[in-house]
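Heads up, the thing below is written out as structure tokens.
Lettered A, B, C and D in written order, each chain numbered from 1.
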Amino acid sequence: MPLTAPLHGVVPPVCTPLDSRGEVDTASLARLVEHLIEGGVHGLFALGSTSEVAFLTDEQRGTALRTVVDATAGRVPVLAGVIDTTTARVIEHARTAAGLGADALVATAPFYTRTHPKEIAGHFRRLRETVDLPLFAYDIPVAVHTKLSAALVRELAEDGTLAGLKDSSGDEGGLRRLIVELGGRDGRAQGPVPRFSVLTGSELTVDAALLAGADGVVPGIGNVDPAGYVRLYDAARAGDWQTAAREQERLIELFAMVDVGPEADMGRSSSALGAFKAALQLLGIIDDAATVFPQIQLSAESVALVSQRLRGAGLQPVR
Amino acid sequence: MPLTAPLHGVVPPVCTPLDSRGEVDTASLARLVEHLIEGGVHGLFALGSTSEVAFLTDEQRGTALRTVVDATAGRVPVLAGVIDTTTARVIEHARTAAGLGADALVATAPFYTRTHPKEIAGHFRRLRETVDLPLFAYDIPVAVHTKLSAALVRELAEDGTLAGLKDSSGDEGGLRRLIVELGGRDGRAQGPVPRFSVLTGSELTVDAALLAGADGVVPGIGNVDPAGYVRLYDAARAGDWQTAAREQERLIELFAMVDVGPEADMGRSSSALGAFKAALQLLGIIDDAATVFPQIQLSAESVALVSQRLRGAGLQPVR
Amino acid sequence: MPLTAPLHGVVPPVCTPLDSRGEVDTASLARLVEHLIEGGVHGLFALGSTSEVAFLTDEQRGTALRTVVDATAGRVPVLAGVIDTTTARVIEHARTAAGLGADALVATAPFYTRTHPKEIAGHFRRLRETVDLPLFAYDIPVAVHTKLSAALVRELAEDGTLAGLKDSSGDEGGLRRLIVELGGRDGRAQGPVPRFSVLTGSELTVDAALLAGADGVVPGIGNVDPAGYVRLYDAARAGDWQTAAREQERLIELFAMVDVGPEADMGRSSSALGAFKAALQLLGIIDDAATVFPQIQLSAESVALVSQRLRGAGLQPVR
Amino acid sequence: MPLTAPLHGVVPPVCTPLDSRGEVDTASLARLVEHLIEGGVHGLFALGSTSEVAFLTDEQRGTALRTVVDATAGRVPVLAGVIDTTTARVIEHARTAAGLGADALVATAPFYTRTHPKEIAGHFRRLRETVDLPLFAYDIPVAVHTKLSAALVRELAEDGTLAGLKDSSGDEGGLRRLIVELGGRDGRAQGPVPRFSVLTGSELTVDAALLAGADGVVPGIGNVDPAGYVRLYDAARAGDWQTAAREQERLIELFAMVDVGPEADMGRSSSALGAFKAALQLLGIIDDAATVFPQIQLSAESVALVSQRLRGAGLQPVR
């Protein structure tokens, strides 16, 4: 589904289930897409950080994206992450994504190398010129160790390079300032870039982001409970902030599943992605909860804690 | 005014005006206190970062605090920052503050030295045991380069060490998780520490923090427009989130005054504090806008930009 | 040339010259290899950070490595960087490198994602088990934002996973402690891993590293003046530390060429790599000094400063 | 002993022993001074980070400095740390130190607040103008979270503000570049600031720093084994780099005592300072090994490990 209007709503970064050989489990992935669309989401983000994109080979990335596009069948737009160190490599992923039918691209600033803001601007512009798809900037300093400044985002929005921003920087004050500069929550349509879409990746403060005027959210734990985020979004759109805040609080309690991995033994990232996948397996949506090597797998005890969190949030495990 | 109930509302960190010799201008400071109380604020925080506490000698700190306490005359509670590197030094400031009539203390984790969470817990406990005043933890990693974990704050709240938290960490998601753990926005009174007060120092997302269940805000730019923050707070308390968000947006535009200093020539901190003081001078509240040496002073051009920001936000300079 | 003994000496990370279309200029690259081998270097490191590996497509990486291997013709060992985000992607590069005739592999910890030390250990072990070539750990926190601990390096050295370490962490004290743990400068051969090779990437303190017991150096500016580093190495081996230190000082003055790019307009990385390539062009070794997009190119003024630095260090530009 | 020539040699940062009430144990401190001077050191640095200066009240600082000055009795110069957040507070310490007979001052950049390089320059200049004692800049980013640039140090050296630099930044390459800019190891006397003294705080790479042309070292573990650092220094001065390196290796093995504290229970800083004091107690030099609250104390097991390290380095515990 092409992006004819600015992207809005709930756009989960789709997890990538694996089979027992460690390859993409396309049947489970198609079921997950169905689960998300049935939950009412407004778009899907394939090959993002939550999709373990950094762990997948190019072939596996292709398989995952093709599966998401096919299973979606045009019902919602599919955004494709094109995550790699620098421009030439990102363009290769972008061409592949375009060929596979992605509706938009999501790219970060260069990483591994230290890059100047002028170079980052060149990077996004070259990418937009080379592959003709709407382009979202993915601001994720925890991964790329560069923060996109509001000035840079505005410049690239105003010259038409960017169709939107996916902000995973955690800098809520900075995002708020950007939205005010773009016209504010009620004035965006009359602002300098009326069609620019602001999505937050801060899944614990979505009510706040929507109150501030963000267009939507890209929630990792939206894989597990897409309907919850859709309810939150709908309440916020209706101006029922109390309901939105209560739904957010329920989702925060659900989110606590990311703490299940003992810090001494595994990284925060492995434990969060492992918990999401364990929840999806417990809910009967995917077959196997494994994360990609070298991530350490959750213990049975940790999975039991995930199960508890599901029940606590009103979601019933089937396994 | 002793803290009989949990602290809530708007509690600005009071700027410290200087005279031409660089000493505390007590007349200007008393006028500033009056300006704030007339604006409807619920408390005052003297000797915070915005008060340039790190730049003041012990004698100057004493003068500033005494002036704030005297000018306040019990109309609202006065919190006193006790900012120093480690416990013994902080306790000396705390004793002075108690002697000068402060109603509560605000202390950071140790700085300059690297400190273990167990040592930080010991630091707050010793301080609370030694000086009998309600104690707020001041979480400000940009200054002390340590983040207080939610677990540590909870532990110190539950054992009665802390009366509250002033969160200037910018980690809105983390703060939200803490509030949910404390019972959530509607359940705090039935939670584990019903009298614990959560204040945010993130002055650009106050509507969001209040929606999340925070009790109040400590806004630097509240020096300039206390009535604006009080309107925001009142709207939020009344459940009128649209009005709260609009007021927040107006305050964000006002806040843009902190960008007036050219980055090549002065620090972000000097330019923000210089802008607040310039605004207070332009509004006729304080006599001199100087910040403490070695901070670089705003140019006339920068002051003109501050004046523009005031007018843009509906505040009329009198000079 | 297979690595039969522990790697030692001067092992420059080979720059990757480009032609006017931005593709690898194999003729220039072959001339650069000749320049380095004539300079007396003991090995070559292709596809490292200085080779702009993060900017090259897989095809370009293949071309560059093939060219270096062919031009070297077995005269010295060729190490190949296998730089990518995580294990599966790194293994693909490693298989390619093995197929192209590399004598050893150089891999970093995973990046983009946050990874636990146990996961990093798994990463190196899996890589070593899968592709049968000596493996060097590349400790470069400025790029991957993880520091390999001495304990982890020792563990992977002692179990035979690692043949050596390329330390670009800048933590000279930590490296010294590691060497002492391995037996010290005179006792390495009797230590726990007698064949483990310690190479420093800190090109400004090579005399110091050799005095400490390091086996060799991977100097970026060794592209420009390989013979200088070989003289430094030979003097150190002969115990003539005064001569070694003087040569190091000359190379430091030469290295100042990396400062030519104005900070306002380009990144430190672009300016350093641009300066190395400009110097190689001025010396007549490569045809074109361009760095890979989106890096910003040196101005004519900056190139003139590079030329000055060359003359100052006794190297005569031919253009 | 006034600083008539540029400071050189071994200048340990003197530990501050405590009595059972947590006050400065002046008798133990005087014995420690004697131990250091008998060890042949060339100067003493009181009230540095290793002296736990950040933990001492102003009164305790005064007691410690007075004791060091008195015990030294002019046999070597005494440098005094004047560690506080900003200029006015540092000047107060500087006046006290001058009154107590310090021969030179050691000051950091401002901390707690974020400060611009121009403000840092103003800070050092004002301090030098106000208190007439030779001034050393203390570059310690791990504590103050600002790195002094080589350009700033040069500027302040050339205009006479600074008598020297104590570099605890760990940036050995940067320090080497600075020394080359000052004329290099053999050319300093003919360079732009012939009387400027460069001291390294990197106690594990002292042979390297001296080879590079540094004038001396400020080693924390020099409290425990001053004679070892003096031997290292003398060997280096005599050009006997092999002996210098061997002595350095012995001191590195001794230094491993800083690892005795279990990371789960105490900070790195507490464990290092605790180990130094435990060693001094075991050697019979000070009465009590306690570090200042809230630092956590070493366990008996950890003290036993310190004892082992002493024996391993050829130092005989007497308790």
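Keep in mind that, in the parts below, a contact is a pair of C-beta atoms (placed from the backbone, for glycine too) under 8 Å apart; a residue touches a chain by one contact, two chains touch by 3 or more.
In this text the structure is predicted, and so the values were computed from the model without any measurement.
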item	value
Maximum centroid distance from subunit B, chain identifier (CA atoms)	C
Rounded Å distance between subunit B and subunit C, as computed from the means of their C-alpha atoms	50
Centre-to-centre distance between subunit D and subunit C (centres being mean Cα positions), rounded to whole Å	35
Per-residue overlap in subunit B, given as positions that touch at least 2 other chains	none
Complete list of chain pairs which touch one another	A-B, A-C, B-D, C-D
Residue ranges of subunit A touching subunit C (in the complex, touch as defined)	49, 54-57, 60, 83, 85-89, 92, 110-116, 118-120, 122-123, 126, 142-145, 265-270, 292-296
In the complex, subunit D residues that touch subunit C	170-173, 176-177, 180, 184-186, 202-205, 207-209, 211-213, 239, 241-242, 245-246, 248-249, 252-253, 255-256
